[in-house]
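Each of the next two complexes has subunit A plus one more chain, namely subunit B in the first and subunit C in the second.
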Partner chain A sequence: MENTKKTYYPLENVLIKHFTEHAVEWEQSDPPEVTSQRKGAMDYFKEKGFPNLKMEKWRGTDLDAVYQEELTVFDEETPFDKKVDEIFECEVHGFHTRMISVLNGSFYSKEEAKLTVSPNGVIIGSLARAQKEYPEIFEKYYGKLPNHIEDGFKAINTAMARDGAFVYIPDGVELSGDTLQLIDILNKPNLAVNTRNLIVLGKNAKLSFLHCDDSVNHHAGLINTVSEIYLGENAELELYKLQNINDETALVNQVFIDQAANSHVKISMLTLNGGLIRNEVSDALNGEGASCDIRGLYLVDKEQHIDNHVSVLHNAPHCDSNQLFKGVLDNKATGVFNGFTYVKKDAQQTNAFQRNSNILLSDDARIDAMPHLEIYADDVKCGHGASVGQLDEEALFYLMQRGIPFADARMLLMYAFADDILKEVSIDALRITIEDMVKRRLRGELSICDRCVLHCSNPEQPIIFDIDLSKI
Partner chain B sequence: MSDKKKENTALEEVTSGEYKYGFVTNIDSDQAPKGLSEDIIRYISEKKDEPDWLLEFRLKAYRHWLTMDEPSWAHISHPPINFQNIIYYSAPKQKKKLNSLDEVDPELLQTFDKLGISLEEQKHLAGVAVDAVIDSVSVKTTFQETLKKHDIIFCSFSEAVKNHPDLVKKYLGSVVPYTDNYFAALNSAVFSDGSFCYIPKGVRCPIELSTYFRINAANTGQFERTLIIADDESYVSYLEGCTAPMRDENQLHAAIVELIAHDNAEIKYSTVQNWYPGDKEGKGGIYNFVTKRGLCKGHHSKISWTQVETGSAITWKYPSCILRGDYSVGEFYSVAVTNNYQQADTGTKMLHIGKNTTSTIISKGISAGRSNNSYRGLVRVAKNAKNARNFSQCDSLLLGDKCGAHTFPYIKTGNPTAIVEHEATTSKISDDQLFYCQQRGIDMEKSIGLIVNGYAKEVLNKLPMEFAVEAQKLLAITLEGSVG
Partner chain C sequence: MLLNIKDLHVSIDGKEIIKGLNLSINKGEIHAIMGPNGTGKSTLAAAITGREGYEITKGEILYNGKSILDWTPDQRANEGVFLSFQYPIEIPGVSMTNFMRTAMNAKREYKNLPPMQAGEFLKKMEEKKKLVDINAKMTNRSVNEGFSGGEKKKNEIFQMAMLEPELAILDETDSGLDIDALKVVANGVNQLKSEDNGFLVITHYQRLLDYIIPDFVHVMFEGRIVKSGGKGLALELEEKGYEWLKEPYAG
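Let's look at the complex of A and B:
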């Protein structure tokens, strides 16, 4: 067992100090339950600190460099001066989104738009406002998931996060037409931010949600996000996560999902760039007939590190789950995949599948794959697989034999490899944009855009794929 | 619905076989006092008349062990082990050195008869050379003459220390150092005996070598050590079997097996592990914490592990291969069956270090009753291990709704030319298969037996013939009860 922690990293000191200075002030505005949660989480953090390499769930992801930084804790709202579009310039052709944004950890908008309520009861806005104005919803859901202080990052987020996005879709409402887009951005140097998002879908509700993590400068930083997502019966959620942050920032992104009976979740996690990204998705299938399909694609190079932890908990019978993660690693990039499927006792008639495929392109790239299963029911069909390899030599030969140069053939195959994930993006305009981005990424043309990831410097210009497929 | 009921009854019967090796033999034994200390280690060393360097080795290991914590990462749970409540040395009393089999304690011979390895018979039938280890001490090694003809050394560990100290000194701890893990350190400190085997250059061992382990005395732990060295271009097939009497308290078995294969050598190591698994309420049984590792030292060397795990209350065992030589091959075939309250956390490690190395892992887990059965495996491809190839398949079969089947593979790849594949499935016996068998007039019970045996066939086929028969029977006893 771990001993009580005695020495702290600089960053831990900064965080603890900030908490100590502000705890009393926060206590006045927070409901008592939140206050006690913060205290409990802080006690845990003081004892254990940040996770380290020796912890089973953190093997292979070394954040030591981040812990050594004396980052500034930032949890203030940025006053509104420019329109979101002017900062982010986010544009996807033919793709209409309703955009909300979190800037440096706090909800960013005009004062009157901090929390909007539509006639059909949909509430969208800042979590801090929702806590004040809709305490009955806030208190019913906030911090109710069981594992919210499982490690140092979750604990510090629970202790210190004060704002983020809040989305509430009432029973029977479909947020039709537009996709809701949340942009999470850092535009100041050396920040450590803790963001908390709360998304609640009532019975039969439906939401399509795009969450972009971006950075708009090249300074180191740490983003620690926890998102809690609740789905009522028959609710449906499509969640897209697009990550394209600079090489200096560390992003720890944790998503907890609680699914009631017959609800459906589809997640696509697309990581195109990021210094150090840790994604954790924990999806609990708590009602009969619930299902989830979690897919991910990561294309990393240089010295980037990507860590995907996915756990699906089958707590009820007749649930289906599918995990499919694919990655291409180049240069000195390193990756970790840990898929975990848990089938509770008596969760019969479970179908659970898990697959992780990786392509290493260079001698220094490294991947650790850990597809784990833990099963306590007998009438189940569970499978998992993992593979690490190269592009298929024969396929490469086949293409080259037909006159396609090596570089193009290789690209074509990599693109085909990634397509399993891309084709599941059901919003056409978004899929086309992402496909283009992947093509450019694979050609090495898409490094970090200075602005939003979805912004193309010249959107009018079509992206031409080197090979004219019609002539093959 | 009645069919479902019938199936359940059949499953219940299938999964409720009794342990038939649970007898105790009344043999006087020489025992050390309970507990562990430097004095006990000195006592063991003195009893065995060991050279100083070995005592030093033990003491170093013991001092290191004191600094270590018991590992807690495995998917098993048990009350804390009181290491001071174990007798670390127990030997069947022998008045004088034995010259022939006739002088062996008749009780002892009967014990081996009951176990199905008649030492007497072995003398006459060509086949297997047996080194039998009771409690802590090797009691008899058969077939010495045949082996001598080929210059093969096969003897108890204590004899090897006396007669071949150079070899022992050179290889002891070279694959599993005493610092390796908690139980390896403990074993290195208190190991009492075991088997030693050396196959000289170019020799293909003409008979199967075998060790039979048995824990007999109460309150004892068994800590044996096996060391097998296959010199250039040699081949050996080695079998290991184990049983223990039924006792209410848990007994500890912490062994070390080290294999070394030089250029072009091949070692085939097969285990049928049938330690007492505890009764139906999970009382008693052996805690089996074993470190087994093979080093493919030379080029084109090959080490193959085959194991059938049916016994032990807890199994914690990861036979591994270090593929250091270029073109070396590692194989791991395993059937692990757990029933009642048994817990197994077993698997393998394949460490690809040399170039063009290949490894294969086939693991079949079968869980019944309230047992938990985990596969835990690591495939690591080092940065310079060009063209490494691994294929792993780990299937789990669940019989009953109260057991658990888990798979924890770890794949670490540091070379882009490596091809690593892992596949696993978990399921129960399919209704289609059962229907197919029954439709052809095979009753429910037999069908289940047939399907389970078929499921494990891939691994059982890898066992030497003598063992395959025994393993199939064992599978039948552990799972099938009265069913054939």
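Let's look at the complex of A and C:
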């Protein structure tokens, strides 16, 4: 199977070369199962390479420019020399989180904090450490999702990812009170990083998890993240993905979820900024009575591109799923929404809904909305729909008749449009912060710079957090 | 003169709806416009408030002596023209409080005044809520979202009370109201009436005019005012219907 792809992109060459040079070394420390997964995945990658526009699932998202770059593969740990809040300042105020971070693809913390175990059995830390210290948990779950190799990004991640975040919540434990916050950042130029996260919730376990993709400079880069999430029976997960990266970074983010009976997942994917973002969520409802509610909001402008692929697999009866994605696209921004709901033959009494609504603010903005249903059971309630439109003229006139100028009226309506997604954020302090960020984003005031202490573009710029009530 | 409309012609998509309308309103006056459906009453309201798509092909609208035809809808609003909508719009995710504060401060900014202090604003809101018997919780809800027909109309009058317009146009404010809500709305209007403002009440039925007593009643038919009179005209219309007025003008 080797080298069946005729020519490679520069970035493919860089990745293959890195793998070839390090495979033997990695084999020393990896369990045989992982070594074999790496080899299989690399064979796939050598054969198929990165995805391209000709592939059904990648129509509309062109990463050619990224493939042409000779980015540096970085898979080393960054030595801990300063606290992450000196690199990156988190904006969520009045909101207590337990914060962990992945810097340039590897878990970043002081040596003793790389992997911590709480008295209740909760394990949080570096995936690379968990592989060594908790092989029984690691090997039970890592790479166990079916069809884990489906495209070049998944394959190259499986072949090359060496670290990321590991979260294990044992049976019956609720990580309540604090939300766990994972910050994923790049602060070096021109890196290609492969990060892997593994999150396991036991039976009746509960986790509220905030995953922030941020960048702290304006250098180009590629972040390729794969997260595997397993929920035991009756487990509950709230996952918030907050994406605010620079216009130069490409982010490919894949989340695979396996849900046992009566488990519940709620996801909010909030994309506030990013040059090129591809989110793929694949959620398998494998046990009776499981449910998921996956919502997304994307606000893109300039020449940004956002691609959300969501698939929900109803593999068991009596499961409910909901997908709601809303987006506002301005200037020459482009987007893809691809929602897929699959209902297996025996998955009776399924309720599955998906909806994608878009507002295009300019004639040059574009969205490809592709909702799909594939139903093999006969006792189901399913619905899907997509809409693309402009702002409601009547509502705009109503606001202007109250004296509100066009630009402000337009912003208020965009904010109102986003509300379906924002109101579902159940942690008050987080919701208020996100609402504030959305308001500032809509006013064109949110930049990735005012969130980081480096302030490369405007070093003395003060950080302002107050919500300006006069504006909204 | 507060409003002076001269030989107004208005078209929508090239079709002429208002065909030469004249109307003058002075401060301190309440004018009612009545008439059958489809005769151009709401079009007149849209033309005065500057709604897009309503093309003024001929004539003039003077407001306080100035032509407003080139003004944007927000400029007209900030100069004191208010429209109580026949079908108020729902705006999910934007609370009434923030909506009103945005509107009030837009007007203040237009008048080169500093934004209103939060305390002063809230006090004013409390005061005006009483005027139309608005539930305290209503202002925390999103604008018109899930409001009943009556609540939406009360909310329009509440907004009018907050914004204190010079010229208030009430477009079919009575439609969909039960008698109790109608009384509340009318009471709100009567309390807001002063020597410094004027009202244009558009209605299909006479019953609203039992509670808001007009100084002048105009009957509109096929894009023109075909008869004007005092409040007695409304009663006459209630009794005789519109047919007796149509005949000389139809076709």
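Here is the rule we go by: the second predicted complex is superposed on the first by the 444 of 472 C-alpha atoms of A that agree within 3 Å, B and C clash if a C-alpha of one lies under 4 Å from a C-alpha of the other, contacts with A are read in each partner's own complex, and residues count from 1 in each chain.
The rule we apply is simple: a residue touches a chain if its C-beta (ideal position, glycine included) is under 8 Å from a C-beta of that chain, and two chains touch if they have at least 3 such contacts.
Nothing here was measured: the structure is a model prediction, and the numbers come from that model.
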| item | value |
| --- | --- |
| Touching partner for A:Leu191 - first (subunit B), second (subunit C), both, neither | neither |
| First (subunit B), second (subunit C), both or neither touched by A:Arg402 | second |
| First (subunit B), second (subunit C), both or neither touched by A:Leu272 | neither |
| Which superposed partner A:Tyr415 touches (first subunit B, second subunit C, both, neither) | second |
| Contacts of A:His372 with subunit B and subunit C, given as first, second, both or neither | first |
| Touching partner for A:Ala205 - first (subunit B), second (subunit C), both, neither | neither |
| Interface residues, subunit A side, partner subunit B - complex | 1, 56, 345-346, 348, 358, 360-390 |
| Subunit C residues within the subunit A interface of the complex | 49, 51-52, 72-74, 76-78, 82-83, 85, 88-89, 91-94, 98-99, 101-103, 105-107, 110, 115, 118, 142, 159, 163 |
| Subunit B - residues contacting subunit A, complex | 72-73, 75, 381, 383, 396, 398-428 |
| Residues of subunit A touching subunit C in the complex | 392-395, 397-406, 408-409, 412-413, 415-420, 422-423, 469-472 |
